[in-house]
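To keep things clear, I will list the structure first and then write my remarks on it.
Each chain carries a letter (A, B, C, D, E and F) given by its place in the written order, and its residues are counted from 1.
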Amino acid sequence: MYFYKEDLINMIVPDKPDPQAAKVLQETLGGRFGEMRTMMQFFFQSANFRGPAKQYRDLIRGVFLEEISHVELVQTTINQLLNGSGEEGVGNSGTNGAPLEEAIKHANPHHFIMGAQSSLPVDAAGNPWNGNYVYSHGNLISDLLDNLVLESTGVLQKSRIYEMSSNKTFRETLAFLIVRDNAHQNAFAKALETLGVDWAKLFPVPNYDINKYPECRKYVEKGFHNAQFNFRLDETRIGEIFQGESPSRNSGQLSVVDPPQGYPVPELPIMPNEHSPGLYDLNS
Amino acid sequence: MYFYKEDLINMIVPDKPDPQAAKVLQETLGGRFGEMRTMMQFFFQSANFRGPAKQYRDLIRGVFLEEISHVELVQTTINQLLNGSGEEGVGNSGTNGAPLEEAIKHANPHHFIMGAQSSLPVDAAGNPWNGNYVYSHGNLISDLLDNLVLESTGVLQKSRIYEMSSNKTFRETLAFLIVRDNAHQNAFAKALETLGVDWAKLFPVPNYDINKYPECRKYVEKGFHNAQFNFRLDETRIGEIFQGESPSRNSGQLSVVDPPQGYPVPELPIMPNEHSPGLYDLNS
Amino acid sequence: MYFYKEDLINMIVPDKPDPQAAKVLQETLGGRFGEMRTMMQFFFQSANFRGPAKQYRDLIRGVFLEEISHVELVQTTINQLLNGSGEEGVGNSGTNGAPLEEAIKHANPHHFIMGAQSSLPVDAAGNPWNGNYVYSHGNLISDLLDNLVLESTGVLQKSRIYEMSSNKTFRETLAFLIVRDNAHQNAFAKALETLGVDWAKLFPVPNYDINKYPECRKYVEKGFHNAQFNFRLDETRIGEIFQGESPSRNSGQLSVVDPPQGYPVPELPIMPNEHSPGLYDLNS
Amino acid sequence: MYFYKEDLINMIVPDKPDPQAAKVLQETLGGRFGEMRTMMQFFFQSANFRGPAKQYRDLIRGVFLEEISHVELVQTTINQLLNGSGEEGVGNSGTNGAPLEEAIKHANPHHFIMGAQSSLPVDAAGNPWNGNYVYSHGNLISDLLDNLVLESTGVLQKSRIYEMSSNKTFRETLAFLIVRDNAHQNAFAKALETLGVDWAKLFPVPNYDINKYPECRKYVEKGFHNAQFNFRLDETRIGEIFQGESPSRNSGQLSVVDPPQGYPVPELPIMPNEHSPGLYDLNS
Amino acid sequence: MYFYKEDLINMIVPDKPDPQAAKVLQETLGGRFGEMRTMMQFFFQSANFRGPAKQYRDLIRGVFLEEISHVELVQTTINQLLNGSGEEGVGNSGTNGAPLEEAIKHANPHHFIMGAQSSLPVDAAGNPWNGNYVYSHGNLISDLLDNLVLESTGVLQKSRIYEMSSNKTFRETLAFLIVRDNAHQNAFAKALETLGVDWAKLFPVPNYDINKYPECRKYVEKGFHNAQFNFRLDETRIGEIFQGESPSRNSGQLSVVDPPQGYPVPELPIMPNEHSPGLYDLNS
Amino acid sequence: MYFYKEDLINMIVPDKPDPQAAKVLQETLGGRFGEMRTMMQFFFQSANFRGPAKQYRDLIRGVFLEEISHVELVQTTINQLLNGSGEEGVGNSGTNGAPLEEAIKHANPHHFIMGAQSSLPVDAAGNPWNGNYVYSHGNLISDLLDNLVLESTGVLQKSRIYEMSSNKTFRETLAFLIVRDNAHQNAFAKALETLGVDWAKLFPVPNYDINKYPECRKYVEKGFHNAQFNFRLDETRIGEIFQGESPSRNSGQLSVVDPPQGYPVPELPIMPNEHSPGLYDLNS
């Protein structure tokens, strides 16, 4: 069973609305290599696990638990990027009495139609998330290799999306997730190390320079690239795998640690033009 | 952030393999009105919530938290129904040295190809789950009405699926979920009551006789149809809505209660023919 | 604007339930070459028509109007084939108190889960209808050629589906539609004749022997293969095209005629086990 | 059977081309809550109806019949918005001999590729319409609740789309449909009232101020929000439901009336650059 | 079996990056009437061919073989159009340290996220290619008519896409493919001529003036509109069909000829910002 | 450019029709890990390749070239399995004059509706192939790891499908492809070895016993698991990678060799009941 504390796993840094950034950040939420896929892939793999070597199942499940928080973090970031776009005085306000005319020019119009300027289960091109993204092979080695591709591509895509806007809300969330995807690469690479593989200097993929992303630095300094947060309320065998020397070129010691302190969920104001939440008259 | 204790929200009753039942139970997992949709719909609605009336957000989120456990329960039930189908001696074993020939006759062949006899994010007709199932309208009344349709259809479909096999593993899970969908109908109907609606005798939908489903009785006796389990580790305002007289014909008092005691997750044995988990040689 | 008289365009011949036949007949409703596609393709082509040569637009629209009735005929036929399957005493009733266990063995389980034993917007393999089936090229010659392919494939597929059951309800509807698809082939082939094409003996496609389908004969005797029903309440220029010698090997004179007498829509009985319509208690 | 008179259900107000507006108006045609979905959902629900309480079936079918005209109205509006975009002298003409270069910047390029600047069965994000949008639950209460969500979301989305352009062609069609969706909300809310529900002040959803949409006023003055147009050529029992006091806060008496006078379908000129209709040489 | 020589079937003309042009050119690669569809449709039709009249199968297969090269040509053209977009100094470079901010405004963001500025199996609206585009009817006449629609629509769409940019890389590839689609129209029209059809002046569709597309002229002068390239290393009966007078208004003699000389595949430079190929450090 | 010789890459062993086997073998053709995906994934990766390290591009392209032949082999195998099913005297012939009644019971009905008992671009559950299966990451390491997952899962799924029928036509094709997927695992694993990875005993995945599949033995004896067939008509640098000691536990020396001798494509007889090819009357 699953329990919840209303805390975000990372902070939301305030900045101006940026609906174009919100559109591309959807890739990180509902894309083929986004957080919804990692969450659901690891959920299915851990539920479908066979056999007694449960240290591997606990590792996959441990990453799954964190991915739920990642989904929530990206939903919240997209909401923050959309919030207030299309309002008068925001700079990208419309003309001729059509407040959304400018806002939707480079945005996903569904952000303004389907909900009240809020996140959607779609990717950066507007395609809805699809169950065929999820791979649960029933074979542990295939699953681990696939998860490694998934986390590597996660960093790869996020480092490309990072170049698409200098908005601070946008980049802070990407930077945190880049570092965490790095930790999850380490988790799956290490699991394959226990089966005999020597990765030499292959990881991290991509072969990126962490200094390019200034927002990443503080997370690296906290050791987040070598840590696995533990969201279990009972015992877990994850530490049998996630320990010892990091399998990546960046070295360091892997360790299972407590989750970060939580961060507050920003309250989204009512938006009468969007009829959200739509209770203002009834409740008065 | 999300925390986990390795407990199922209900028991798995043992019975024989039944791959045809596993195929149709997929509707309850990955169908348009299945547990993956309720989970993701309530996840998006609560993350996208606007305004200060957070008792409604806490209600939606409270149901979301339980749905994660429902997804896990249905995954586990499907795994149990598939486990061992196609083995010699099971009765539906194959002939001519083709052990799966009979098993797949009325089954979803993907259950035996994609993974090692285990659950998938698809529906009873084999269609993968789709992000376009999720509705987060950004308007609280639309969201509540939609959720009411969703929980009503949940019972409706489960009571039809129940007629498709007399397998005990299958029926126990369906019965538990029927009662819980009833509670969730009450939750959303009650929320609309706070906005002035009088439902008269409309609910529960469908207009079903609980005595038709003998497995349901014990859950009704425990009051599960009028209870909302609380999975929060911090404060929640859910009790401001989920209280007082039930909005359904079946009457009773609504109350927020502790989650049920947990039930053990059955260990799935290794399945060498399916190469799962595939570690047997390497680890020896 | 569109007007309606509650009449089916052809009779529903009674026979036993046959859920397997209902499954494959879905191709004729929601398949890539089914009636929903012809209906929507001709709807878009006629609404998107450019230029003054409206005799062609009126031809396309005239066929569209009939296709709405075809959709209704196939929906009703599927409902008739499903109606009562799974009931005790029907012959395919279940065992062990699971009335649908046998019914779903070769059926589409969605017929029993999504609705109350009734038609769906899907094809014979369970794939939902997709807007990408519709081609409206904006070029009349491409549109006419495409429509010709569509109507030819319509006959081709229906004559194959006909071999899948000897159920009379099933075959009568297929036979009527085969003859009408023949008429619509003539319509689009004739339109291309007005642009200079000589089809020689190419049509009808497929090169089929009408005597193989005994149910077709009476419709051919009524001249339905050379007639275009007129559902317009105002003037139409369709007769400028649909006239003169048939473009098919089967010869005859084309003519625009009144629609057939209507046939009654069978009343579907309530189905308490499926909770349909679900009013039985409330209304008493 | 279905009959047709070449009349639009509302006027097309002339204004300049606006391909960006055409893109977002596609949501109203081919979106999850657009006119194609309402049309097909009510078509399936009325064809699949069970039992003798045909006043409800006639209500659902009555709305279905109007939705066909709505689809045609939106197709025609999109065509009008696209017509002439990309031509020299229109203001958004291209440069460097590439007439469509500017037109497609914020448009759906498929509007210019798939057809000759004309409507498509897709939504505002370019996703094709999908049969999985259609819900026909086989249970009347679920169907009515679902239809209520559908019509409520229809208004909600149209009032958001309205903010995306001040083009008069665009806004007039949206305003008419907003008022009609209001009438259809009343229809389904009233049907649930006959089963005992008291809606208090819940409707209309969203809780919108009709004065925000000046184009709506004349339709409200004509009473279109409380009227159900009757497109039946035979008897119908719709008036047993659609009568008496409106279930909405806006009050008034519900009544079944004749359809509006028809409006002419604008003739779309030939477009040689798009090869449409492509007959200009052959016919000369 | 299939053999390869690293030669493009046509030249890549250099010009500036143009990501908006790359977006729309995707239609020609992964659209419903693009080269992936023709390639796969003719692949399935030739593999599924029945009966001894293999001159028709060899014709379909012959066109299939060329389509593989067309896919490669369009992939390479898209790569060339994307290559270097978003770099500083290119003109559409970003601001504020976000190099891709401008590049993605009118582009498909997936071109910059999924791969390293390179081609994708999607259409101009970002929808992934779908197997339901492929028609292999099992009836030769239906197949030939369908292929004729396909090749006609190929020209139609390419001549519309041509208007969307004056970029030389873009237009050269489109012009070559327009002429080749013309030849393939001739192939399928001729095949139907052998079955008796007289096309009069129907073809080519669309009824286009080749002089509008100056880049086409040199290919017409080489006779590419009346030639079928032969990619077989063994005997083929294609010449039994593709011979004699062209079935199109443009007349000329059809003949089977050797493939064009090959053209070099441009080398795509490494792109460190996109982490492609990602070997730069490891290999040094 | 691509050249063809009409030879299958492996033999088709004759056996009885088996439409259920044809249904599940579709996974190997049009499934998420089937031959269409490997073909298209390697096609895009090689066309999109960046930088001078072309030995890797030539490796990926070399495997792509073979995959085209694999698609053709599986299409042909499915056609052979379907050919004649549903005919009188075959054993699974229908009753009551409905020859396909029995044939479709456990088959994909589309095999008998869409074409004339022939292959389709779909998977074992009837889902059409989707462009979103293709991953071309633009980063060589990600691409190689992904390809390794793909080829491993290829063996995994084929070894499970093998258990679904003892039909010889079916098993021979699967056995050949299992051995070839093994060779392709070696190719991608070796490429990663050149970047420093030491795989220890991880491969082959799954950890399977080749002796379980008696049909595989002759291919292993020929060394097909350690050979890369060369389909290039010009120079290739593939041998710089595919050489030396195999990266798998099964050891041996990797070498680039000539393709196998070709095997004849079985001629599919005409099928008048399916109207295929539909020329029998016209041509006589």
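We adopt the following convention: a contact is a pair of C-beta atoms (placed from the backbone, for glycine too) under 8 Å apart; a residue touches a chain by one contact, two chains touch by 3 or more.
Quick caveat, the model's predicted, so the values are computed rather than measured.
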item: Reference chain D; chain at largest CA-centroid distance; value: F
item: Equivalent interface positions on chain A and chain E, same or different at half; value: different
item: Where chain A and chain C are represented by their mean Cα positions, the distance between them in whole Å; value: 48
item: Rounded Å distance between chain A and chain F, as computed from the means of their C-alpha atoms; value: 36
item: Residues of chain A whose C-beta touches two or more other chains; value: 32, 106, 114, 122, 126-128, 130, 132, 137-139, 141-142, 156, 195-196, 201-202, 205-207, 274-275, 278-280, 282
item: Chains touching one another, given as label pairs in label order; value: A-B, A-D, A-E, A-F, B-C, B-D, B-F, C-D, C-E, C-F, D-E, E-F
item: Touch list for chain D against partner chain A, complex; value: 20, 23-24, 27, 31-32, 106, 123-127, 156-157, 159-161, 163-166, 201-202, 205-208
item: For the chain B and chain D complex, residues of the former touching the latter; value: 32, 127, 130, 132-133, 135, 137-139, 141-142, 145-146, 148-149, 152-153, 156, 192, 195-202, 205-207
item: Of chain B, residues touching chain F in the complex; value: 86, 94-101, 104-106, 108-110, 112-114, 122, 126-128, 273-275, 278-282
item: Touch list for chain E against partner chain F, complex; value: 1-9, 30, 36, 40, 43-44, 47-53, 56, 61, 65, 68-69, 71-72, 75-76, 79, 114-122, 128-132, 134, 136-142, 195-196, 231-234, 259, 262, 267-271, 274-280, 282-283
